[in-house]
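Two complexes follow with chain A in common, the first pairing it with chain B and the second with chain C.
And now, the complex of A and B:
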């Protein structure tokens, strides 16, 4: 009896310590995506550089694609452009979803497509262009439907247009091997992808 | 000279007033509602929904882009006449369970309810056991009265002897 009275609080304390210790290594930004294993939400948005061309979820069928949410205003996105460009050269299909920052009418800002196109052209000429094309989401409607909280974020979309993986933060040489495994398995038509 | 200073001061004052007044007027976002029920629902929802970008803020409290977008969407849905649960479901479909401060009752979250109950029960059990065992430890104390009597008898005997 005396022994159990001693060991029960000790066990409780050790369990609590382990729980808190695991918290030190968890990423508070990573709370999963509600859209995993769901098809890309329906949308119809213009191509950034060719605004007459409307892009829809159907454009994501047939090939495994990385849908990369980014903006020229986002430093981390700019940092990953060079690495993403090397991935494109290796044959990875990357589509950009351009995250338009809200304009502040009080400061006389307004959405101006030609200016944005020029900014994006300049940035991609400087850092490298990993994108097949860019979808521009002025009202952030697709961004909202995808549950995007910031940039950069990347969705891995399979051949059927289903979201199979969600990555928050930049893609870099350290974390790419994990994503690459998922990408390659989806290319081979896998039904289950490893969860990193 | 002092006149010039006065003019300069007046111009500066006017400029300051203009600079101060304009953004103050602009930051007051007044939201109009058709009814007080909708207003209350909007207030309740923006307090209950959690900003997915921030570490612990509701969307009413945050000015992160995603929180502003969520506020606008909430307003739009409330104006359409959607109920509390419909709006929460709409947000959860996009941002997951994280977005609502009330966690869902399911197998993975059941410990949130079970652990406090278990803690209270185990504490109550411990307190009960301890009070019982302390009662039990009082029992040998009655035996000492027998020893006391024995000791008293010895003292009495010794004192009787010394009197002789």
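And now, the complex of A and C:
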């Protein structure tokens, strides 16, 4: 017994090394989402171009949807628009979640919807419009609930309105095949999606 | 050409360190003097070669040689010369070169100052240091060569040093910190040498103590400077963030603090041996772990260098060899060692054991808080983050028993202590501490049970008890002149403990009474905070050597009288396209006034952040005092005896009541 005690530090260190080794091969910035395999949180937010129309989680039922978090202020999102537009042409249902950057009322900034609508129209006319519609999250409440850490991010939502996959960063021809597998399996009503 | 010379010197250094790792250890194993005698000249040669390499890199930065990739990536011809020198260790590659310079420096220092050690022990210590050197020279040469060229297509100018690093603090923070990290390699080598030889007598502890103290004092200063630098440069008014990399430096410090106390017991009483050896291994292992965490990219941190899994793999492999190997050796050898010394429940040994327990608990808390997100994620449980509240609340609770023990410790004798003689002086200390704490607090508010009161009581308890113990010593030794008979290490302890008291008071007061305000101001506007009026008198354009931006002038008034003048800057560095805050600070012992200039808004007006931070200086002054304590202890005559005195630890402890650690 007395002998074994002196090997405890070694055992603890070896265990630690295992974690460090596996940590080396995973990205610390890849957070996953706490909402994976959970339904979309309840929300009611306006459509960006038709503010009178309220959109809620119910709008995501019935069809597999990509919910794409983006903003005109985000260069990577803008670069992604063209490829997303080709996906829309292939029949992929993409909904935009527009990320409004914080405004500081104390310093005289205020949220200006008409200007934003114009900016979005200009950007989509220039780069291509992949979106069925855009949800505008002025207070970033849904964005907060989803655990979004930046833009662009994309959530794959199944027919029951459950979040099945979370993709951080842009979608491009290189990483689309993996996402496409998930998307197609969900369209066929699969309960388990392959992890890319 | 110069860069190639540096590269060549590094290659030679690797070869020398290989020889140093093999022959002296072989010689000490075989009992052959020849190979062991090689150790000291090799160690000195290693340092000289590394100095040549380091000098070559410095020259490349000095002469704006943008054909060297490292210079092109981290410097710029517009950068002032002193920041070009700082840029030498501003990158991963350069900082690793600084690291090996210091490692070889410590190795050479051991070689030069180890005259009094038995030859075999010299060989073992330098051999172990040689093994560590091989690992780091290999890492520098194969994984992060600072002398890589950009030829044939070299840039006309460099990408500039990260503006965050263009600060006086950056000039001295990394060298001091690395001196500390790397210095623990020496304590480690002493521990491994003792494990190899199987001798853990009090001589061994006496030899290891000054090296440990030196490393610890550098680490203390390094961490202190890092905190001070972040306070000035980040414009956030904070001084500690519990960032993974800060934690990586705090862990070896906590273990190192435990180690210097544990070494005292091993030296004086010949006990705690297995414990001391484990701490010596742990202190350096945590330094290595810190290097791994910073340079492998497994954790998200503001300090992390660009990530590269192959570097991480190399370091992890090295960690396995060095730490795994030493812990295996520990398991094989240590169980045979027994301590004979006896002591009672109420004795200095037990109190120092308590000190170690609390310091190690604190280390464990920092360790888990830093690595738990990694464990959690790798176990497939998802991502979590652990922040300030976790660390702050646990450290608050740990500080209470720790400070109480700390105040008590110096009064208590080795082996055993009766309660009765201590009751009267310690109750006087307690009453004085309570009066002092409540008195100081009532200057700020009606005293109530809050963090400030707790911190003041703990700080006052430690300080008053330390002073009281010195006063008792003076009485025993026949008045104030008698105090000159006290050993330097005793004074070191006094300073270290007073420094800790200052640190505790500083943290508690700053945390409780700091106030801040975010304001928008035009020129001529003023804002009032805690009785101080800050008037924005002017804002104008800046023209620095390698930056532009704006500077704000503020006048500060208190009670209607002008108190001081503040100058805050917002700098823009065009090469890296980054903005830096140079906060304006008016520092006094009792409070800092702190202003950070923000964005220019329409009007024209400016966003400003204004802080009043009471006692924040005490945090850094406390750390400086602790380091000073380490320095004074180093001056102790016992560490400089030419011939190793052979006295049994028991007899010296039994006779010398006033002469203690």
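In the analysis below, the second predicted complex is superposed on the first by the 169 of 196 C-alpha atoms of A that agree within 3 Å, B and C clash if a C-alpha of one lies under 4 Å from a C-alpha of the other, contacts with A are read in each partner's own complex, and residues count from 1 in each chain.
Keep this in mind: contacts are C-beta pairs under 8 Å (C-beta built on N, C-alpha and C of every residue); 3 or more make two chains touch, one makes a residue touch a chain.
Only a predicted model underlies this, so the values are computations on that prediction, with no experimental measurement involved.
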{"item": "Partner chain in contact with A:144 - chain B first, chain C second, else both or neither", "value": "first"}
{"item": "Contacts of A:111 with chain B and chain C, given as first, second, both or neither", "value": "neither"}
{"item": "Partner chain(s) touched by A:23 [first = chain B, second = chain C, both, neither]", "value": "second"}
{"item": "First (chain B), second (chain C), both or neither touched by A:35", "value": "first"}
{"item": "First, second, both or neither for A:73, with chain B first and chain C second", "value": "neither"}
{"item": "Between chain B and chain C, more extensive residue contact with chain A", "value": "C"}
{"item": "Partner chain in contact with A:7 - chain B first, chain C second, else both or neither", "value": "second"}
{"item": "Footprint overlap on chain A, comparing chain B with chain C", "value": "5, 28, 31-32, 34, 106"}
{"item": "In the complex with chain C, residue positions of chain A that touch it", "value": "2-3, 5-7, 9-10, 13-14, 16-17, 19-26, 28-32, 34, 106-108"}
{"item": "Chain C to chain A touching residues, read off their complex", "value": "274, 278, 281-282, 285, 292, 296-300, 309, 312-313, 316, 319-320, 323-324, 327-328, 330-331, 334-335, 371, 374-375, 377-378, 382-383, 518, 520, 599, 601-602, 607"}
{"item": "Touching residues (chain side chain B, partner chain A) in the complex", "value": "22-23, 26-27, 52-53, 55, 65-66, 68-69, 73, 92-98, 122, 126"}
{"item": "Chain B-facing residues of chain A, complex", "value": "5, 8, 28, 31-35, 101-102, 106, 140, 144-150"}
